[in-house]
Amino acid sequence: MKLRNLIISGSIIASSFLASVALAEDTIKVGVLHSLSGTMAISETTLKDTVLMMIEEQNKMGGLLGKKLEAVVVDPASNWPLFAEKTRELLAKEKVDVIFGCWTSVSRKSVLPVIEELNGLMFYPVQYEGEESSKNVFYTGAAPNQQAIPAVDYLMNEIGAKRWVLLGTDYVYPRTTNKILEAYLKSKGVKDKDIMINYTPFGHSDWQGIVSDVKKFGSTGMKTAVVSTVNGDANIPFYKELGNQGISAQDIPVVAFSVGEEELSGFDTKPLVGHLAAWNYFQSIESEANSEFIAKWKKYIKDDKRVTNDPMEATYIGFKMWAKAVEKVGTTDVNAVEQAMIGVTVPNLTGGIAVMNPNHHLSKPVFIGEIQDDGQVEVVWQTADTVIGDAWSDFLPSSKNLMSDWTPPMSCGNYDVTSGKCSGKM
Amino acid sequence: MNYPISKFSSPLQRVTGLLFVMTLYVVIANTFFAPDSFWHVSDYSVTLLGKYLCYALLALAVDLVWGYCGILSLGHGAFFALGGYAMGMYLMRQIGERGVYGNPDLPDFMVFLSWDSLPWFWWGSDSFVWMIVMVVLAPGLLAYIFGAMAFRSRVSGVYLSIMTQAMTYALLLAFFRNEMGFGGNNGLTDFKDILGFSLQSSGTRLTLFVLTTVFLGLAYFICHRIVNSKAGKVVMAIRDAESRTRFVGYNTAKYKVAIFTFSAVLAGIAGALYVPQVGIINPGEFSPINSIEMVIWVAIGGRGTLYGAIVGALVVSYAKTRFTAIMPEAWLFALGGLFVLVTLLLPKGLVGLWPTVKTKAQQLWPKEKAL
Amino acid sequence: MKAQASSMRATENLVPDTRHGVILYLENVSVSFDGFKALNDLNLYINDGELRCLIGANGAGKTTMMDVITGKTRPDQGKINFGQQIDLLKLNEAEIAQAGIGRKFQKPTVFEALSVYENLYLSLKMDKGIWYSLWHQLNGEQKDDIDRILAIIGLTEQRHGLAGNLSHGQKQWLEIGMLLAAKPRVLLVDEPVAGMTLQETERTAELLTSLAGEHSVVVVEHDMSFVRSIARTVTVLHQGSVLAEGSMAHIQSHPDVKRVYLGEEST
Amino acid sequence: MTLIQRLIFLMLLTVGLTWPLKAAEFENFEAAIAALPQADFKSLPELLAGIAELDDQRVSSLFVHISQGEVYFQKSDKRVFYVLDQADGSARIIDALNGEVSQDIEKKQLSKVKTNNRIRSDITQLQAQLNLNHPDPNIRLTAAREMLADVSRISDKRLADRQNKESDGDVADILSLIAALKQFSKDDAVSQLSALTQLDSTLEPDVSQVLAAASQDAEHYSAEVQTKIKATLANIESQRNLYSYAENIFFGLSLGSVLLLAAIGLAITFGVMGVINMAHGEMMMLGAYTTYVIQQWFPNLIEYSLLIAVPAAFLVSGSVGVIIERSIIQFLKGRPLETLLATFGVSLILQQLVRTVFSPLNRQVIAPEWMSGSWQINPVFSVTFNRLYIILFSLAVFFMLLIFLKKSALGLHVRAVAQNRDMARALSIRSNWVDAATFGLGSGIAGIAGVVLSQLTNVGPNLGQAYIIDSFLVVVFGGVGNLWGTLVSAMTLGVLNKFLEPLTGPVMASIIVLVGLVFFIQKRPMGLFPQKGRAVE
């Protein structure tokens, strides 16, 4: 009996030895922290493949600083504490130089303390609620002002929407986005009774009642629009119900921030035609860089039907920027790369130039598109210029005084302009 | 499950002894050996081991009710999570002004949901003592109320299992709600320090790890005493023939409520120790799948033996860590296969394998054994 | 120790008052399951210290009667008293058992994962609260009790073996031993000799007869020769109520019994 | 234009019903078509308004094609074509001017005339004008309804003309509503009051909007009229409430029927065999993927795909079930809780298998035409076809299963084994075979549930997970081993959920139902319909 216990605890201890044996370092290690199983695998697997494709391409061009890039892929399995554990594994055990990863806000929040503690570097490629700026994270997805606000502007000015339904899954991103939108709409003179807010649980699949409520809300004669921050899995049943209850995009247009080409590829898009999506990238946008990227992707994934989407472009931009910054400073040292990142530019796939701002967010163009019956999204409107990602929303009372600037002398992610203090500094 | 434990008191000494040796070793190896030394145990490994041991404590709790009392709880994750939330609330308040919005009282998520003041149930959350009270009270009370209702009205078997599952599922949904005041889906995170010690320093980590082993050892000792006491025999009698036990004169509902509540408190303590080590607590811990996994640890280790539960938790967690790193695309095959094979081939779990191995070993190397 | 005190007090209050010589009163008891009347206005009195045999065809309500006395089934109407003053309908199974009514089931049920010794240990008459059980150690007197019972039931050698490994007959004996350990005032014994060898049956008959006097014993049995060998008073149940009661000879000559039994045999 | 008309017109403008102010002028259809390729989102509305003025047969079909997104022009010579995609992937290309099918033009050479929501909704309004005289009464009905939103768009004379000619009852009803609304907008109390009596019984939302607006307008509607308006509105409101009650019940039944389908297979494996099958959800997932595969294999038979998928899914999930039973569950007889663990392992394996074979992405399952749309019972109450069919289908499955278990030899054997395995074996029923068949049957029905779910939700590896807990709750609530209990419990939970939802929101509704269930089981530890008899204990 003693022996058995010994063997088991021995094997645990032995493995931790193995963990601590440092490997000879002749490659640059890139950590890939995307869920490959569990609920988020649907979205995140694609990003893992994108990073691998980028690494392969970079290696074909001779790697970085004369070294090959080596991907370290782990599976945090859509389990948030496991995200923290895997980050620690990547940084402490595998000693990766950079991590590309996370999709959900909670996974990012889970990873954040670890990555700050161990001074790692992470690129986060998904649109999110903002209200964050970490020294160790670069946010290449859209902040609310790069997606939600332009979309509402479009509906208000071009479509003439007067009544608003804000539908969301009950978690931080929709909550925050809707708070921002509510404040924004009110600042534009929309009354309380013309705003309906509704939250549903994750994976909500029975939309009959809510869609019927939306229909009633929209039958007052005033043009009604739905702003949807409904998350991934719940979207299909939602749109199906819309279609079945006969709500077309002409009656009540729905603009979604979480529905892109990839999600659409799993839909029967017939009932969706004309509904809107707001992103910083669409596959349908014609440019040389984009067609080249699409071709490369289809070849890499060996599937002619696979689509590209916004988080993939965000990953692409993040990767290119990181590579550029590393070349610039000639090292993968986190502090050096972090400083070098600010101001780095990379051409967008849709034309124009993406710039990394001192608040670790990108400047990007914003597109509004209508969903077509082939699952693609046709641009119907775009911002005249790129929009600077705003880490702290101006429409929330708690954050309107905060700003982020990681260049000296400020070097602070949440500087309070009224008190002149950098809150959260130890 | 024929384990006449009463005759062997030695597993107690073995398990506590091993825990002690391991703790001592980890402490020395982590503190005194150079990081590049072969003998060094990294902070990463310390935290990981600490996490495993929290799971082991949790498995112990599940085994106590399932293995000894026959109550298959598919809701122990709820008690674990409640203990975790109690700890998380305290840690959240310790952040104080260092939150991103610099609000001295309100946690960040409340600030950006524009709340003005703490909800009533956060009262006292900045006190360490209150936190300890809550770690025990929250899961204990829930288990007591649930148990008192269920066991009095003699809900048993699958009905009980499904009800515990419904309980944790309802809590999962409730904690997902942002209005609940527990941070919604994101839960509680970004902790800074505990009792003034930084959670990021390796000293604190090591202390937490040592504390976990101490609690595990203590819990093992108490559980061992319980199952070997007369009350423990009664509990086993309930498992095998509940109505007979009643006719012998025992109020079985009371015994079940007591053991269920005690087990929930253990699970809560495990949760409280887990949170500062992994740095986050969120509603995902309430997920029914998690609770099923706990049962599986016990089944794999060997139900009805306290050390089996510990072994099961360690082996499965370790396998998960390794598999997700070695074969990220296929680890579910391996894990699923493991579950199937163990239930099919090893009804007594891994520790049930031991007698066979011992006999084989004695046949092969009779002399070596004599040494 | 407060729990201990309170439960001791509870047990003390449960001493039956048998000044009228009757220990168990069942008056006008009816039970029905989905319209089927298992007990129909049953009246039965068991005297203190007597050995009573209950016979009756399948479905006559024998087991239901035991269920009703031990609290497993609640009657739709009627009164069940233990002694003059204890209303059994207000107590639950465990309390009834603690008050001194022991029961042996038709199918032997012992705690298979525990040893023979532990089975008896759990059955000893003592405070059965949790807190008390948690700290309890056997004292000399209790050990003697167990040893004595082990000798009576002939399982001294198997004392540390698991109860699950016993033979069918041995399990029956163990269960009787468990009853004895509880020192009950009333023993309800359901088909004690089913599956026993002739020798075992004889020993059981001896044992049950020796118990009467100190305890009241109610035996339900199909084996008529066994009943004849032990019975002083026999009660015949039919369709949930008492058909006849009296000595074995009286019963055998009773016209109703004849009619019912012959009538039933002919269908 | 009267003052009122002008007011309404202004009001409509402000609320954003975009009626083009300017219309381009064209000589003829050919000239208009030639202008199409140059148009962009801004100029297209004017251009279309201009086209609508033309008296040409071809206008209507042009509008239809534009709103379908089927209008293209050749990049080289700007000729305009309609491109109709065929089911086999090819396209029929038709010249917009002469309607001839062109054989020599590839779709690649063409470029699409882009439209957006605004243009499509313009077209709908323009079409309404044209379609009021359409020979098809259904199209006339839609057009008339569209008119109802703004009755000023149709002149009194044209309306009267139309009313005289109208043969269809439904359309005539709408037309008289239009007439009543027109009368209501007149500035004299008598006409207003007489119009109100006509508007009293209608549920058209457009009418109640006009009434609601009028009730705020003391200037044009006298106090007497106001009282009448309020009474009318209250009447409409109470009717609406009645229908929304009916709607809730329908939603509840439809949710209940989904729960029923998901749970009924479990009721068999769990209730009859005592196996806690955690892989039950994955059996549904397999059924849903079967639907996907069928649609991939027979792209021409989308309309029939579900009919093919039902037996196919039954076979696929059923045989997987049999394999699981033979390879795992039969070795776990009498250890029900351990079947939970083993089948949980199986569910992990199946999920990952699907992820490996089909990729982790959701797969697209197309809804056949007959499954989409809704049955408009009245203007405020409609029933979606897919939900309706699902309710009927789930009941059909339920009763077929019931009859099967009651009448067939296998059903008899299943029940015999469930009640007393040893006795059944003694009667030379091959209990092993019966077990495999039972498990296969339960799994097969789960597969059928998967086909239905593919019409409602995502077809992805996590599909099963979402339903497994609910399924168990339904079975336990109803009483294990009782199929009728499962039916009642599924429908009760569904309706309860839907009645709570408007009061508390969907999340709280689920929580309340769950907590209620926990309390219920304390009261009735064996569910709604407990199994009876001695054998239970």
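A, B, C and D are the chain letters, set down in written order, and residue numbers restart from 1 in every chain.
Rule of thumb we're sticking to: a residue touches a chain if its C-beta (ideal position, glycine included) is under 8 Å from a C-beta of that chain, and two chains touch if they have at least 3 such contacts.
Because the structure is a prediction, the values reported are computed rather than measured.
Trainee: Check B-C against B-D and say which one is joined by more contacting C-beta pairs.
Mentor: Greater number of contacting C-beta pairs: B-D.
Trainee: Any idea how many Å lie between the Cα centroids of chain B and chain D?
Mentor: 45
Trainee: What whole-number Å value describes the gap between the mean CA coordinates of chain A and chain C?
Mentor: 72
Trainee: Counting in whole Å, what is the centre-to-centre distance of chain C and chain D, each centre being its mean C-alpha position?
Mentor: Taking the average C-alpha coordinate of chain C and of chain D, the gap between them is 65 Å.
Trainee: Quick check: what residues of chain A touch more than one other chain, meaning two or more?
Mentor: 36-37, 170, 199, 201, in rising order.
Trainee: Among the residues of chain C, which ones contact at least 2 other chains?
Mentor: As it turns out, chain C has no residue touching two or more other chains.
Trainee: Going by the touch rule set out above, which residues of chain D reach two or more other chains?
Mentor: Answer for chain D, listing residues that touch two or more other chains: 351-352, 465, 507, 510.
Trainee: Chain pairs in touch?
Mentor: So the chains that touch one another pair up as A-B, A-D, B-C, B-D.
Trainee: Using the touch definition from the top, list the residues of chain C that touch chain B in their complex.
Mentor: 70, 72, 92-95, 97-98, 102-103, 105, 109-115, 118, 121-123, 128-130, 133-136, 160, 162, 164, 178, 182
Trainee: Could you pull out which chain A residues touch chain B in their complex?
Mentor: 1-2, 4-6, 8-9, 11-13, 15-17, 19-22, 36-37, 73-77, 79-82, 84-86, 88-89, 92-93, 104-106, 109-110, 112-114, 117, 131-132, 170-172, 175-176, 179, 199, 201-202, 396-399, 402, 413-414, 416, 419, 421, 423-426
Trainee: Can you list the residues on chain A that touch chain D in the complex?
Mentor: Touch residues, chain A against chain D: 36-39, 41-42, 45-46, 158-162, 170, 198-201, 203-206, 208-210, 212-213, 219-223, 233, 236-237, 240-241, 243-246, 249-250, 253, 262-263, 265-268, 270-271, 273-274, 276, 370, 372-373, 378, 380.
Trainee: What part of chain D is in contact with chain B in the complex they form?
Mentor: The touching residues are 270, 276, 278, 328, 331-332, 335-338, 340-342, 344-349, 351-353, 356, 465, 469, 472-473, 476, 480, 507-508, 510-511, 514-515, 517-519, 521-523, 525-527, 537.
Trainee: In the complex of these two chains, what residues of chain B are touching chain A?
Mentor: 10-11, 14-15, 18, 22, 25-26, 35-36, 38-45, 47-49, 51-52, 97-102, 109, 111-114, 173, 176-178, 184-187, 189-192, 199-200, 278-280, 282, 284-285, 307, 311, 314-315, 318, 321-322, 324-325, 328-329, 331-332, 351, 354, 357
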